[in-house]
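Report on the structure given below.
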Amino acid sequence: MNFINDLLKIIGDFIAGIIQSILGFSPFLADLVTMGLAAVILCTFAALSFMGLTYVERKVVARIQDRVGPNQAGPFGLLQPIADGIKMFTKEDTTPATADRWVYNLAPLVIAIFALTTYAVLPFAPGVVGTNLNVGVFYIIAIGSGSIVAIIMAGWGSNNKYALLGAFRTVAQLVGYEVPMLLNVLPVVMLTGSMSLIDIVNRQTTLDGNPGIPFIVFFPLSALIFLISGIAETARSPFDLLEAESEIVAGFHVEYSGMKFALFFLGEYVNALAVAFVFSTLFLGGYAGPILPPYVWLLLKAAAVFFVFMWLRGTLPRIRVDQMHNMNWKFFVPVSILHLVVVMALMKLFVTSPAAAQANGGILVTPIVQAAILFTASALVLIGSLAIAARRARIMRLQEEALVAQRRAENIAAVSA
Amino acid sequence: MRTDFAFVGVMLVTAALLMGVALVAAALLRPKKPNKAKLETYECGMETVGDTWVQFRVQYYILALVFVLFDIEAILLFPIAVAFNSLTFFAVANAILFIVVLLIALLYAWRKGALDWE
Amino acid sequence: MTIQQAIFILLALVILGSAIFVVTTRNLFRAALMMMLTFFGVAGLFVLLEIGLFAVAQVLIYIGAISILIIFAVMLTRGMQGMVPRNSQATAAAVVAGIIFFVLLLLFGPLRTTVDVARWPVISLIAGNASPRDVGGIQWTPAGQPIPPVPETYIADFGRALVDLNQYLLPFLLIAFLVDVVLAGAIFVARQRRPAEVIEDRQRQAEEAAEEAEAMRQAGMKPDAAALPEGAVASTADH
Amino acid sequence: MQNVLNGIPLWWYLVVSSALFCIGLYGVLARKNAIALLMGVELMLNAANINLLAFWRYLAPASSGGLAFAAFVLVIAAAEAAVGLALVISVYRVTRSIDPEKLDQMKL
């Protein structure tokens, strides 16, 4: 049982042992080679899951929309990703004559590099993690700004009006939705007392006398807003305003084709998968789970989250640009701040460790009671804010309808006169 | 001597190398027959008129401004969040005051119509 | 040469090279991109200093926020059109910068041979005869001893210090108010007023001007054309 | 006797930050474009941050002083950029120019 649980770790230790003892490298070189190998494995994992995900996503969305999806290349169209890959490698790739060559060619590289680097801190199983940074969560959000830079580079480097406009729209969206992400990670960090992803997972297990409750139970509101902002951060449907073909051709990557376009595509999918992994780690307990080995649990959770992404993509229509901004700045951000304040006050009022209760005061409760209190508060904030938003929306809609009716009446009067 | 960030550096270099190899391989494999029409800027089949610079709305700048405000807030709040369990009531009250003051800034921007996207 | 030294030299070259590019190029957009590279290199220096928090904060704030602001401003002002890289006083500027560089080197020079803060001229100038080890109640690293590692809990310590009344609570709260004022001011300055507001503004100005003229006529003076806020009207019409 | 961290003495950081500061200063003094000028200011603030954090790390890593000041510099840099660029945009809207030498309407 233990063997299967620690499979990844055992393999890793085995390879490291080979490198260190048999090949006879110096400790420094051995370290470097081990890290390089781990990095190659992570990158390959990300790239392969990108290929798989394109196929799965096309199949799932096709099923949702009552189509068949890819079915020509191989059995059930399983070879489709390979066919796509061959096409991407052999397609002619033109650089517009007026483009800023350096910027234009570097942009896809930048987006792919930063997307892949996110995986350096994801914990796949106990002890199986690229590196356990003590600023892990912060690092993931900061590395996300790399894709913003790449998008601006692509938009400007193409020297194309539509690309530039698309890039700016996308950047406005991405920077906007970074704010609710930051604000909703804060409660998790507060409860854990650490930004390291491993510590966050451990806090959701039964280790060290923790209750073993995933954080989605503590902060349902944070989880919901984080998930939606994550979808917007990766610019997936229904937030794919940058790909709104009817309005701005294909957004910032209109001039790209062949392998460079493939790298943009890879960046998008790898980022989306990273969001699924991060969400599973932060709110669903990461690799923690009974019976099955830890990495299987993590993959199952991430797959479930990614299925939600595909489900939303298959069902929801694209939202308008003003709706997108309003939802972020006038709903997510204020509600997140309110939630943060409420949670901070409650977490200081109801503490679980006797030492903290003695040092700073506060009411000593069991972890389960604390979870119940936080869940109630979070849910109340969510319901209350939704009710207020719905009421405001109804008032605005009524006003608009009244205005339209008045105009119509005026028009009729003018025509009859 | 190996710090936690060493792996991040290795990861950056590895990703750059792998993606670079993919780009170079594609460059070797693909046909290369450029002509004038292919190299033109694609703007829905229309000839490109004028330079690329178009009038951007100042709204983009203002949204980025509000974003910077919250970025700053996050950078100061994350260390406080890490220290949260050992903070006194007084300290937490001040952190809440900090957040509320920034919320006021957001509400001001809202009132001024800076968050409206027409 | 150790690997850290090699990385440091590489980072220093990247930082200084891209910084020189930033201040000399004609193309403002490329200058902004190169500035991001400078910031990234500085984040690398912070990693070498073993301060991961600030390396990440540097990326988040400088690359993710400030550079984006600058690029938006470049786009909004058409800044890169027909840009001249230098103004008339560029030579003088280079001389001034060079002189200041040498002054700084002279100031930091003593640190090559000693890190004993007590014997560093600048500190002894400020602290006088008092032992600089007492200045600010800070525990300085004694000269010649290995540098202690950054405490494991430095992020939590930093967070605690920020909201500690005896440490940095006041600047922390002042920052909040400063950012408030900055946001209000910047939005007020940058915002384009809506047409309705502009019209309202112009009407109010016209009324004020009329009142003023009326008051002057009553005082027995000729209405002065210059008293009309000509420039103000023109600038609002420009929006 | 030098204090050395990972084989790097303190003065290496100081030389890099001094050089970065002076490059930024040159940018501020010599550029003919208000936005390029602000970029120079950002470089200078970054140089100051390298200094603060290097001194903190080498001389007083047990306290939080250097971190707090560096964080405040970060915030001030963001605030400065925000207000400066807002002014540039607003000036550009009125005068259609962002050359600081041309903004001399206040001169007698």
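Residue numbering begins at 1 within each chain, and the chains themselves are lettered A, B, C and D in the order written.
Note that a residue touches a chain if its C-beta (ideal position, glycine included) is under 8 Å from a C-beta of that chain, and two chains touch if they have at least 3 such contacts.
Predicted model only: the values in this text are computed from it and were never measured.
Note on interfaces C-D and A-B: more C-beta pairs are in contact across C-D.
Per-chain Cα centroids separate subunit C from subunit D by 5 Å. A separation of 14 Å divides the Cα centre of subunit A from that of subunit B.
Centroids built from CA atoms put subunit C at 19 Å from subunit B.
Between subunit A and subunit D, the centres computed from C-alpha atoms are 33 Å apart.
Residue positions 6, 71, 74-75, 78-79, 81-82, 85-86, 89 of subunit D each touch two or more of the other chains. Looking at subunit B, one finds that residues 1, 4-5, 56, 58, 60-61, 64-68, 71-72, 74-76, 78, 81-84, 86-87, 92, 95, 102 touch two or more other chains. Annotation for subunit C: residues 2-4, 50, 52-53, 57, 60-61, 64-66, 68-69, 72-73, 75-76, 78, 155-158, 160, 162, 175, 179, 182-183, 186-187, 190, 192 touch two or more other chains.
The chain pairs satisfying the stated touch condition come to A-B, A-C, B-C, B-D, C-D. Residues 2-4, 7, 47, 50, 52-53, 55, 57, 60-61, 64-66, 68-69, 72-73, 75-76, 78, 81, 155-160, 162-165, 169, 172-173, 175-177, 179-180, 182-184, 186-188, 190-192, 194 of subunit C are the ones that touch subunit B when the two sit in their complex.
Against subunit A, in their complex, subunit B makes its touches with residues 2, 4-8, 10-16, 18-20, 22-23, 25-27, 29-34, 36, 38-44, 48, 52, 54, 56, 60, 63-64, 66-67, 70-71, 74, 77-78, 81-89, 92, 95-96, 99-100, 102-103, 106-107, 110, 115-118. Partner subunit C is touched in their complex by these residues of subunit D: 1-16, 18-27, 29-33, 35-36, 38-40, 42-43, 46, 49-50, 53-54, 57-65, 67-68, 70-72, 74-79, 81-83, 85-90, 92-94, 98, 101. Subunit A contributes residues 28, 100, 103, 133-135, 138-139, 141-146, 148-149, 152-153, 156, 164, 168, 171, 175, 178, 193, 195 to its touches with subunit C in the complex. By the touch criterion stated above, subunit C contacts subunit D in their complex at residues 1-2, 4-5, 8, 12, 15-16, 19-20, 22-23, 28, 31-32, 35, 38-39, 42, 45-46, 48-51, 53-54, 57-58, 61-62, 65-66, 69-70, 72-74, 76-79, 83-90, 92-94, 96-98, 100-101, 104-105, 108, 111-115, 117, 136, 138-141, 143-151, 154, 157-158, 160-162, 167-168, 171, 175, 178-179, 182-183, 185-187, 189-190, 192, 235, 238-239.
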